[in-house]
Amino acid sequence: MRLFVPLTITFVAGIIMILQFFVPATQSMGESLQEWYMIVASFAIFIGAANLLQVHAHRIRFKGRNWKYSPVTIVGFTAMVLTGLIFGIEKGTPFNFLFLEMVAPMSATMFSLLAFFVASAAFRAFRASNWRATLLLISAFVVMLGRVPIGAMIWDRIPLISEWIMQVPNLAGQRAVMIGAAMGMVATSLRMIFGIERSYLGGAD
Amino acid sequence: MATFTEKLGNIDRRIIFTVIALSVVIPLAMRFNLPIPITPGPSTDMFDVVEALPAGSMVLLSFDYDPSTMPELQPMAFALTQHLMRKDIKIVSMALWPMGVSLGNEVLTSVSDSLGREEYVDWVNLGYKTGGGVLIVRMGSNIKSVFPEDYDGNSVDDMPIMDHVNKLGDFDMIISLSAGDPGVPAWIMMAGDRYDIPIGGGCTAVSAPQFYPYLGTGQLIGLLGGLKGAADYETLVRIGMENPPPGTAIPGMAAQSVAHLVIMLFIILGNISYLAEKKKKGGVK
Amino acid sequence: MRRILFVLPLLVFTGVIFAQSGGIASGDDGDCFIQSLTAEDAPNDAGGGIDLTWTVSAHVTEPDSIVLERLDEDGVWSSIGTILPVDGSRTDEELSNGQEYTYRLVSFYGGIPGALSVEAGAVPKKQWIHTGRIGMLILLTIISLVIFYFIEQGKRGKDLYIRRIAGLTAVEDAVGRATEMGRPVLYIPGIMDMDDIQTIASMVILGRVAMKTAEYGSSLLVPTCRAVVMSVAQETVKESYLQMGRPDAYQKGNINYITDDQFGYAAGVDGIMIREKPAAIFMLGTFYAESLILAETGRSVGAIQIAGTAMPSQIPFFIAACDYTLIGEELFAASAYLSKEPKLLGSLRGQDVAKLFFMIVIVIGVLAATIGEAWGPAARVSDFLKTITSVG
Amino acid sequence: MNWTIFGIWLGALLSLSLYSFLYKDNPFYKFAEHLFVGMSAGYWVIYTIKNVLIPNWWENLLPAEGGMQPIWLIPGILGIFMVLRIVPKLASLSRMSLSLIVGTGAGLTMTAMFQTNALAQVNGTIVALGQGGGWFNWVSNIIMVTGVVCGLVYFFFSKAHTGIVGRTANVGITILMVAFGASFGYTVMARISLLIGQTQFLLFEWLPTMGIHL
C-alpha cells in the first residue's frame, strides 16, 4: 500500500505523456506536466549540493584520504554559489568570469584528453586477432584514411569508399542497434508506467 | 628478455601520449597548410540546400553547444553564417544550451559587421531558454510567446525580421549546431517530424555516425561532421570568392591530419608486432 | 511458431489508415494578383489555428506587397501581417475554437491598395486524434499488448529461455576477483537523470551487482552525476544488502554525488579510479563523450571492465577499452538475465516478437518494393507498409 | 591588474594541471580535480536556480502582475518533497516526486523512441533493392537491408544462437563490428580537434602573455 500513491503518479504521468502525443487536444496538459517535471527534478540539485558538502566536511573532520584537497572543493563550490547569488550570472559578472576562465577551460581540457585516449585505445584494440577483428580494423582504418587529405592522395577512391562504409554497413549496424534498443526502451517504459517495474522506488516488489 | 616486437606491442601509453602531443603542437606552431579535397556527401548536400534557398528566406539557426566543443562547431557557425548572410537569407538564432548564446552572438555580430548586415532586420539572436525538446514543441505553436524578448532584452514585436515568423512552420529551414542533447535529434523529433521543416545539422565528428540514419530517411537534409565538415563548408563557401576572409577550420586541419596519420602509424606498428609475435609463438608449437 | 501467430494479427490490424480533409473556401478572380485563397482548420493541433494558403497569378502585375487581413467581430478588416508577393501559406494562431474567422488578401501597389482577393473562412477546432499517427498508435498498442501477454505468461510460470550474454556471465567473476584482491567494485550509472530509461535499467542491474558485493563482502562505490540517481542508488543498494542479510555491510557514504557537470564528473571519477584502484568497474547507462575518458583510465588501473549502453556513438569506445560490452538492447536484457525473473523474461520475449514483426515488415516491404518497380500491385503493398511505419 | 591576462593564466595553469594526469596522479591534478568538481557543482546549482526554478516556477507561481497561481504550488511541493530525502523520517515523501519524474520520462521516451528510432528506421529500410540503378546500388541496398535484418537477429534473446539463427546472428554481429569500426575511425579526428582547440589556446593566447610569439 505504501507504494499506491507513487505508482499512481507514475501511471498518470506516463499516460498523459503518451496521450498528448496522439491526441492534439491534450497537448497543453502534456506541456504543463513536462514543465512540472522539470521543476521537480531541478529541486534535486540541492540534495546533491548537500551531499557534496557533507562528504568533504566529513573527510576533513576525520582526516580521510586526501582530505587536504577537500577544502578546495568546498571553496570552489562556495565561490560559484556566492558570486552567482550576489552579483547575478550575466555577462561581465564575477560568476561569469569564474565560469569562462576556470570552469570552461577545465571542461575543454578534460574533453581534449580524449585525443590521447583515442590513440592509446586504437593502438591496443585494433589488432587483427581474428577475421571479425580484422574487418573492424579495416573499416576503421579506411574511414580514418578517408577523413584526411592523404587518403585521397594515396587513391582518389578512398574518400568514396569511406563514405560508402558510413552510408551502408554503418547505417545498417546503427539501425539495428537503434531499433533493438528502442524496443528495450518501450518495454521498460511500459513496465514502469504500469507498475510492473518498481525497483526505482526502493527495491520493493 | 623481451624482444623488440614484444616491447613495441606493450609500449607504455605515455610514449603514445607524448607523440600525439608533439604531432599536434609542431604543425600548429609551424603553421603547416594542406588543401582540402571536396567529395559529394552530407557536407555538400548541406551546402546545396542552403545555396538553393532564395534571398529573403527565413532560417532558424540554433547554437546547441558550449565552449568544450567550440573547436569543431564554432568554425561551422562562421562558415554557415557567412554563407547565409551573403545570400541575403534572414537568420533567427537561438540556443538550447545556455553557453551557446554568447558563442553564437560572437559569430553573428562579427559576420554581420563584415558584410554590413543589420541586426533586427537581417538577423536576431533570441537567446537561450531551458527545456530542450519541450521548448521546441512550444515554439511550434508560437515563437513569440516562448521568446517575447531577444538576447538583449528588446521586445521581438518591434523587430522587422520577426514580422514574418510566428511559429516554426514559418521557417524555410532549421539548422542546429549540436554538441549533444538537446540538439539535432530533438530538432528532428520535435520540429522536423512534426511540422515538416527541412532540418540541417552540424555536429561533433563523434556524433555524426549516429545521425547517418536520419540522413538516409531524409529527416536530416545535410550534415557537417566535425572539423572536416567545417573545413569542407569553409572551402565550398570560398569557391569563387575574391579575398575570402581567413578561415578557422582549414588551418586546424593540417595539425589534425598529422596527428591522425600518427595514430594510423601506431595501429600499423601494433599489428606488425602482434603478427610477428603470433608467428613466433606459432613456430614454437 | 506461436510467435508467428502473434505477428499475423499485427500485420492485419495495421490496415486502418485515416484521411481527413477540412472545410475549404476558395475562388477565382481574373483581375486580382491573388488567384485563390484557401482557409482551413490547422490539422493535428489543440485548436486555435487556421491554415491559409494562396496562389498568385502570373498574368497580373506583381504588387509590392500583399497584406493579410482578418475580419474582426465588429465587422472591421484589420491587418495581421505583410507578406512577400509569392505563393504562400501562413497559419493564424491563438484563435478561439468554434468561432468562424474570415480572411482576405489585399495587394498593395506603391502603398495604394489594389484588387482584393476572394474571402475565405474557417472555424478552428481541436483534434482528438493526430491523423498522421494513427498507424503508429495501432502498432504501439499491439506491441504493448504482446509484451503484456508474455509478461503474464512469464508470471504464470511458463518456462522462458534466455540466451547467454557474454558480459553478464562475467559479473560474478569480476566481483569475486575484487574480493580476492581486497579492492572495491566501482559502479558508474551513466550521466543522465532518472527520467532516462537507460539509467533506470542501470539501477535494476545495480541492485543485482549489490547483491553480489554483499554476498562476497567487497565494498561498492557508486559516484553519480545526478542527485536523484544518488538517492535511488542508495535505496537500491540498501535493499539488496538487506535481502542478502548483510544490512550491516551497507555503507551509504560510498554512494555519492559528484557534480552535474559532464567533465567535472569525469575528472572526479578518474580521481577515484586512480586512488581507490577498483578491481572491477561497471559502466552501465547513458554515456556521452566521457565514456572513453572513464574506460581508458579504468583500464590503466588494471580493472576488469564491464560496460553497456544504448548510445550508438559510444559503443565502439567501450568495445575498444573494456573487457565486456553490452550492446544496445543487451543493456535492457541484463536485468532479466541476472535476475531470471519471469516477468522480465516475459517482457524480453515480447520485445523479440516486436523485432520479428519489424523484420517481417522490412523483408516484405523490400521485396514488394523491388518487385513493384515492374508490377504495380506489389508496389501497393510496399506503399502500404511505408505508410503504416511513417512518422507523422 | 589586467583581468584578461589573469583569466588566460588561470585557464592555462588549470589546463596544464589536468593534463599532468596523463603522466600520473599528482598534487596538481588533485588540486585541479577538486576545484573543478566544486566549481562545476556550484555552477549547476546557480544555473538551476536562475534558469529553471526562477523563470519556470517562481515567476509562474507569483507572476509580476500580482496574485498567486496556486496550481504552481503542486510542483513546488513535490520539489520540496524531493529535497526531504535528506530527512530520513520524511524520505518516503520523495517517492511521489520521483514517480512524477520517472513517469513523465517513461511516457515521453516511449513515444519518441518508438517514432524516431524504431518506426522511422524501419521505414527508411524499406527500399527497392534496385533503387538508384546499376549493380553497385543493388549490392549496397542488399548489404544494407541484410545488415539491418541480421543485426536484429543478433538481438534476439529468446532463441539460442545456434543453427540458422546462429549463422544469421553471426552475420549481424559482423555488420555491427564493421559499423563500430567505422564509427570509431570517424571519431578519431574529432577527438584530435578538441586537443587542437586547447593547444591553440596555449600556443596563441597564453604563450604571447610571456612575450613568446610563434
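First chain written, first letter: the chains are A, B, C and D, and each begins at residue 1.
Basically, contacts are C-beta pairs under 8 Å (C-beta built on N, C-alpha and C of every residue); 3 or more make two chains touch, one makes a residue touch a chain.
Bear in mind the structure is a predicted one, so any value in this text is a computation, not a measurement.
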| item | value |
| --- | --- |
| Chains most often in contact, by C-beta pairs | A-D |
| Identity of the chain that, by mean CA position, is farthest from chain B | C |
| Whole-Å separation of chain centres (CA-atom averages), chain A against chain B | 19 |
| Separation of mean Cα positions, chain D and chain A [Å, integer] | 3 |
| Geometric centre distance via CA averages, chain C-chain B, whole Å | 23 |
| Chain centre separation in whole Å, for chain C relative to chain A (CA means) | 15 |
| Overlap residues in chain D, where contacts from two or more other chains coincide | 18, 21-22, 30, 32-34, 36-41, 43-44, 47, 52, 56, 82, 85, 98, 101-102, 104-106, 108-111, 113-116, 118, 120-125, 145, 148, 152, 155, 176, 179-184, 186-189, 191-192, 194-195, 197-198 |
| Touching two or more other chains - residues of chain A | 21-22, 27, 34-35, 37-38, 41, 44-49, 52, 66, 100, 103-108, 110-111, 113-120, 122, 124, 126, 137, 141, 144, 147-148, 166-167, 170-171, 174-181, 183, 185-186, 188-190, 192, 200-202 |
| Junction residues of chain B, two or more chains touched | 13, 17, 20-21, 24, 68-70, 130-131, 193, 204, 206, 209-210, 213, 216, 228, 256, 259-260, 263 |
| Chain-level touch network, classified as line, ring, star, complete or other | complete |
| Complex interface listing, chain D residues touching chain A | 3, 6-8, 10-12, 14-15, 18-19, 21-22, 30-50, 52-53, 56-57, 74-76, 78-80, 82-83, 85-86, 92, 95-111, 113-114, 117-118, 121-122, 124-125, 140, 143-148, 150-152, 154-155, 172-189, 191-192, 194-195, 197-198, 201 |
| Contact footprint of chain C on chain B as seen in their complex | 13, 56, 68, 141-142, 163-164, 166-167, 169-170, 180-181, 193-194, 204, 206-207, 209-210 |
| In the complex with chain A, residue positions of chain B that touch it | 11, 13, 16-17, 20-21, 24, 34-37, 39, 41, 66-70, 99, 102, 130-131, 134, 137-138, 209-210, 212-213, 215-216, 228, 253, 256-257, 259-264, 266-267, 269-271, 274-275 |
| Contact set on chain C toward chain A in their complex | 44-47, 126-130, 133, 136-137, 140, 143-144, 147-148, 151, 193-195, 197-198, 200-201, 203-204, 207, 226-228, 230-232, 235-236, 238-240, 243, 253, 256-264, 266-267, 275, 289, 292-293, 295-296, 310, 312, 315, 317, 319-321, 327-329, 331-333, 343, 347-348, 350-351, 354-355, 358 |
| Footprint of chain D on chain B - complex, ascending | 14, 17, 20-21, 24-25, 28-29, 68-72, 98, 128, 130-131, 133, 185, 188-189, 193, 204-206, 208-210, 213-214, 216-217, 219, 225-228, 252, 255-256, 259-260, 263 |
